[in-house]
Every structure is written in structure tokens, then in C-alpha cells.
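Both complexes shown next keep subunit A, but they swap its partner, so subunit B is in the first and subunit C is in the second.
On to the complex of A and B.
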């Protein structure tokens, strides 16, 4: 490397000061002006996180939030050159640091993850939509869905309740998030276990509805096929109206 | 011939660009980091804008002055973005924003040293080789030197000449630095390789104390910066000029007034220069 070790050391010390604000000797700097760099750099991180996680920021005690952000920036090396993607690293950091326990915020991992996914889906690169046919028989064909989606499981219903109310309702919550093709807006739908099974089989196993019905009858111990069909069709029609179900594959 | 100034594109007033009802820039500048590898609503907006305006790219995360290795994956994405939108000017800051594998997402001053000149120049060459084009490097504002062993103008000049790259002359940054570090702005500009200037930035700033200006891009351009701009135009070739406004966004009419002010100066200076040069022929 053409850069001398001494020059590198000055840059490294400067960066470390910007990250943690702790005094360090840096050759030839104006000590009165160094704090401006710390402030400017830290504000970028702080503002980006507050914008990405508005619900977390609103409900978590300010002192705790500030401590989380300070710890994150001072000890974590932000890896992504695109600043809008950086908050994903904050989600992973808080999980790794076990902040749910440390700060007694049981909902924290779920809430940060949920808020991040909304941003990620909103911004993610366009995926290829499948060719669909809307006249074919839904029962015997493979159903085509919006490819820009995620199905996730949460322990706390942070998508339905305020965080500290959700904290008292630990359980299994399934959620479908998808991006509307025309508007680009992200929608989320709370799913029952049965409908999660249905969607996952449509998406991952690419089974026909008839095949999935047989699995559901067996796994969920349902006897009334007509009622099941009726409920599933109603659900899929709703998803079609919302722009998740597109039709059946050509 | 009408001489038009460009403006830095911000999502805050994206609709205005599409309607074109008040703001009428000659081109748009955007940061590739915020627009590459995205889809959905903003990708559609970008595609529409790219059909309406020429685009220049002004990077934030290349970190050309970093001691770290160049991020070739990042550069690959930048290259793809430049090609996708047929972008001719790709500029970056003569600063660093990453060190020890940590991104800081802001522009930090490189030590003005000989080894840094060689290091940065070699990295610019590497980028230029990979992209297959010259890139344009901007003089940045800075609030304290770091381990400097030469003056700023010498540092910039040596880098530009050794790397054989273009120069983005940010006139506001020169004004800010001249104030903050007590030097003469015009002498500074005269000492730069002005034949390498390919692009000019203009912006407003904020005086935070009697001895310190911060380059906020959050205020209107002040008269002394316009004057320095006018003086500078007499010394450089006709190049694109951009208005930067990132915070404290005013009414669109006010922004258009600033564009009009810049264009009036550009027209006055460059048309006069063209007339004189044509007479000499």
C-alpha cells in the first residue's frame, strides 16, 4: 500500500473518534472543531434509524433508544455502502446484543424486523411477475402470486398493537407482506396458521389448490371440504383484489 | 443558445420535477448510492425523470481516500447504474467515508500528505480503469485539517494531475474553507488545475459561529459566493453548473430564482467569452 502507516493511523483515529466520541490524539487537528464531525456523522446514523424505525423510536424510552444507537455506532462497523440499507445491520446488532432482555423490551426484535421489512420491500429491486391466466380453473392449476412478498412469523403482534400492549401477547403470529405493483405501497395481512400453510404451499411447493386441500384436510383434521373451499376461495378472492393473488400460471 | 443550470434531485420534491411546473433545471444530479439496486415506486419515478432530464451522478460512498481496499462489488453496481441511465459525468468527493471496514456515510478530510496523494491517485486510476472513463473529483469542505503536510490546493492539484482525472470545482466549498482556514479564495482557485474542471457546484451554507461555517446545503447562496462564482467562470471552460439544496427546502419559486441567478451569470460570462474567442479566430 502506498499509504504510510502513520497516515493510516491518523485516519483510523479520526474515524474512531467520530464513531465513539472518545478523545484521541490526531495530528494537526483543531480540537474545537473535531466535535462537529462527531455530531455530523452521528446525526446521519441517528436520523436514518429514526426514519426507518418510527414506531420503535416513538415508543421506546429516549434514553434507552439513544444508548442502543450509541452502542451500535460505536461498536458495530457499518458494512453497507448504501445508507438506506444500514438499518438492517441495526436489527441484527440489537438481536445479537440481546437488547430484548437487557432493556426489558420483549417485542424489540419483532418490531425492528417488521419495520425494516416494510422498508426493504418498498425499496427492493423489481422481481419478474409470472405470466397468468385468469380464466383457468383455480382448483386444478397452480396459483400465481405477486413475487414481491415475504411471509414471516413473529412472537409478538407488533403489526396489530402498540408495542407495550403487544408485549403481553406472546404467541405465534404469521404475516404476509407484499408490494403493490401499481403504487409500490407495502401491504401487510395477518394470517391464520391454516392460511399461512395455504400460502406457503402455493408459493413454495407450487401445488394446485386441490392438492393443498387434501393436505389441509389431513394435517388440520378438517372434515368439511365444502366449508374449507368456501373460506379459501373467499380469502383468495380478497388477496386477488388486494393485488397479491394474480391468477393461475399459464 | 440557452445555458441551463442543474439541480440536485431530492425525493422531497420529486413530484415537482415530474410536473415541471415551477422548477426548470437543465439536468438533474443524484447520488447513485440512493438509486441503484432499487425497485418499486422510486424506480418508476427515476425512470420517468431519466426520460425528461439528462442525469449526472455524484457519489457518496466510494470513499476514494480510504485506507481500505476499494469495494469492487459497490463499483460494479455503480458501473451498471451509470450505463443503465446513460450517465456521462460521475463525480465523487476527494475525501473518505470508510475506514477499518466501517462506513460513516459522511465526508471526512484526507490528510494532505504526499503518500496520500499517491494512494488516492492510484485508487482513482483503478476506478477509472474499471469504469472505462475519467471520473470527476470534488474539492470538499472541511472543518479541521488532519495531519496535513501540504496545503489543500497543492494536495488537490497533485491528485488530479497524478490520477489524470477531472475536477469538480465546488465554489461554495472554496468559500467555506477559505473562511474557516483563513486563506484567500481566489488565490486558492488560481492554484487549482482549472483546465481539468469539468463540473461546478454551487450551494448555500450556515455560519454556526463567528469563526466557523458549516457546508449545510441548507440555505440560499449568498452574494459573496455568487461573486466568487462569477469570477471563477472567467477562468474555466463552459461546463455544467449545479445548485445543491439538501435541507430546509424553500418554495420551488425560490429555488428556481437561484437557478435563474446562476444561469444569468453563466450566460453573461460564457457568452461574452465565446464572442471574444470567436473574434480572435
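On to the complex of A and C.
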């Protein structure tokens, strides 16, 4: 049902006031009570962001954090009606506004993204687990993994250190996140570039492990196949106990 | 087959295409290293607790930094205004006003009773009766 223009304007003014706190004339409202609406709505936004990004909130200067949150809430029109998804838009907003440069926080995009991913993975819809056989020889088969995962690349080791220490260690960092089937907890594993390549190829499920080994030998210039096998098997066995590697595809 | 084709589209492409990647990339220097960091809570705890508590921070920064912090807290206080306990809307108007307003809104006896009960409970929330004492 379409609203009357006047009603629409009243509602829009009220919403805009809740977002930026700038005084507006809204018919039938008590100016003394109006701030409480903004306070209540803004507190939900603040609280959600502080809960989603506890590391960012702790280490970023309070004034800068408040400015980021204020700017976001006052100028960004959230698209998603679900409050728990709102922080993702905050991540995108900060990136678009180039806050890394503006506030001299080079790690900011990585940190926000890293913190957000835990929520995203934790809340994601259940994915279908593949049919697996855990007894077959891994080498000649395609390995099956937990489908509820993500592999990301970070420029700063925000998953390993305090943000301002990580800021001095720009490089290539790879992180595997997956959701445990039983507990729903999101697990984090910091990966080397070789293991990242391995996992990515396993996930693609286009090649057997043996074929991936051949690629690794060539790409990384490794001469010792036995050592490669030994290290990779140890790694995969560990991932199996952790619930990421499931077995081999049937 | 060229290396570039094998790593095309992978996350590691950027790291590997650079000639000096393996030596320049801190995380790639040990090809078989990995580190199970644990659950999200464990990762957070590790990073958040890797320095002294905030309480200690405030003490250490006592002086101008503390003042700055206080200022920042003041900014925060705008949002947390009164912690929702003793806002002007509820407390300032007093018990009588609330009762009046509620009574006005209803003409039936039962409704009045309910309104009175509600206003009582509001009074309890609002400053826990402190306003009345004043």
C-alpha cells in the first residue's frame, strides 16, 4: 500500500534523524523524547558492530571508531533487513570510503573482513556434505573436504598479531576457516603458500592427489617427492582429525 | 604447461608469480608450515589478551591520555545516555504524569487499573524511585 506523501516524508525525516541526529521538525513529536529513539536505534548498531569486531573496537582509537560508526550509520543505506548481516555492509563501507588511508590504518580492511568471516561462516546455511569413503588410498583419489569453509588471503597477519604490530608485516598470508559439523564452531588455520595451493586444488576436485603433487613439484621447484608426500600426508591427517578433510570422494 | 597456467585463478597466484615471492613473502618461506589457531574465540582471546588489560591501560595513561579517553567516553556517553534508567521522558515527568497519561488513554475501569499497574512498574524502572525522593 502506498503511503501518503506527507506520511512518507514524516517517516523519512524520522529515520534520517535516527541516523544522523540532526534536528528535524516532525509533526506530533515531543523534541525532548525524540533523542531516545535515536539512542535506542544507534545503540543497536553500535553494539552489533562492537560485538562483531571486538579486535577492531579494542585497538582502533575510540574517536576514530566512533567516527567510522557514525559515518556509516548516518550515510549508508543498509540493504539487508537482517541485523546480523549489517556488519558486512560496514566492512564494504569502510573499504569504499578508503578508511585505511584516511585514518592511517593499513590493516583495517583485512581486520574487519577477518572478523566478519567468522560470523558469516558461523551463520551460513548448512551445505551438503559429499559422500565419502575414508578407507581408500588418498593418492589415487580425489579428496573430499568440509564444504563449509573459506580460504582467504590477507595482506596483514591480523589473525596472528595485534593489529598495529601486524601493520608492519605486509605480505601474503593465507587462512583457512571452516565450520565444525558437530559444534558449529569456526576453526582457523594459518597456511603456508604451498598448503594453500594444495587445499585450493583439493577443493576444486579436478585432480587426484598424485596429480596435485606433480604440479607442486613443478611450481615450487621441489625435488624430493618422498618428503613432499610425507609432509602433505601428515598435514591431511591432521586436517582429518580436525574435521576438515572428510576422506575421498565415492 | 607453464607455471602461470597452473596457478591461474588461485589465491597463491600473486604470491607465486612474483620472482622473489618465496623469499620475500614471510608466510611462504616455510612451505610446509601451518598453524591451527583454534576456534574464533581462541583466536580472539589470543589477540585481545596479548597485552595488559584495558583497566591497566587507563592507569598507565593517566594524565592527558586519560583525559582524552575520558573525552572519548563522553562521546560514547551520548549514545549510552543515562543508560536508559533515568531519562527525562520517564523520570522527569514524575509518577503523577505517567499515571495521568495512562489514565487518559483509557476510559474503562479495568484499563485504568492496568494503566496504574503499568505506571507503577514504570516507576520502579525509572531511577528506582529516586526521583520521587527528590
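Convention: the second predicted complex is superposed on the first by the 247 of 250 C-alpha atoms of A that agree within 3 Å, B and C clash if a C-alpha of one lies under 4 Å from a C-alpha of the other, contacts with A are read in each partner's own complex, and residues count from 1 in each chain.
Convention: contacts are C-beta pairs under 8 Å (C-beta built on N, C-alpha and C of every residue); 3 or more make two chains touch, one makes a residue touch a chain.
Computed from a predicted structure; not experimentally measured.
Of the two partner chains, both subunit B and subunit C are touched by A:122.
In the superposition on chain A, contact of A:149 is made with neither subunit B nor subunit C. In the superposed model, A:169 makes contact with subunit C only, not with subunit B. By the document's definition of touching, of the two partners only subunit B reaches A:29; subunit C does not. Of the two partner chains placed by the overlay, only subunit C lies in contact with A:54; subunit B stays clear of it.
In the superposition on chain A, A:88 makes contact with neither subunit B nor subunit C.
Subunit A residues 30, 33, 36, 122, 185 lie at the interface with subunit B in one structure and with subunit C in the other.
By the touch rule above, subunit A contacts subunit B in their complex via residues 1-4, 6-8, 10-12, 14-16, 18-19, 26-30, 33-34, 36-37, 40-41, 44-45, 48, 77-84, 86, 121-127, 148, 179, 183-185. Subunit A meets subunit C in the complex at residues 30, 32-33, 35-36, 39, 42-43, 46, 54-55, 58, 61-63, 66, 118, 122, 151-153, 157, 159-162, 169, 171-174, 185-197, 200-201, 215, 218-220, 222, 231, 235, 238, 242. Those residues of subunit B that touch subunit A in the complex are listed here as 33-34, 36-44, 60-61, 65-67, 71, 74, 96, 98-106, 108, 110-111, 113, 115-116, 118-119, 122, 143-148, 208, 212, 214. Considering their complex, residues 3, 6-7, 10-12, 14-16, 21-22, 24-28, 30-41, 43-44, 47-48, 50-51, 54, 69, 72-73, 75-76, 79-81, 84, 87-89 of subunit C touch subunit A.
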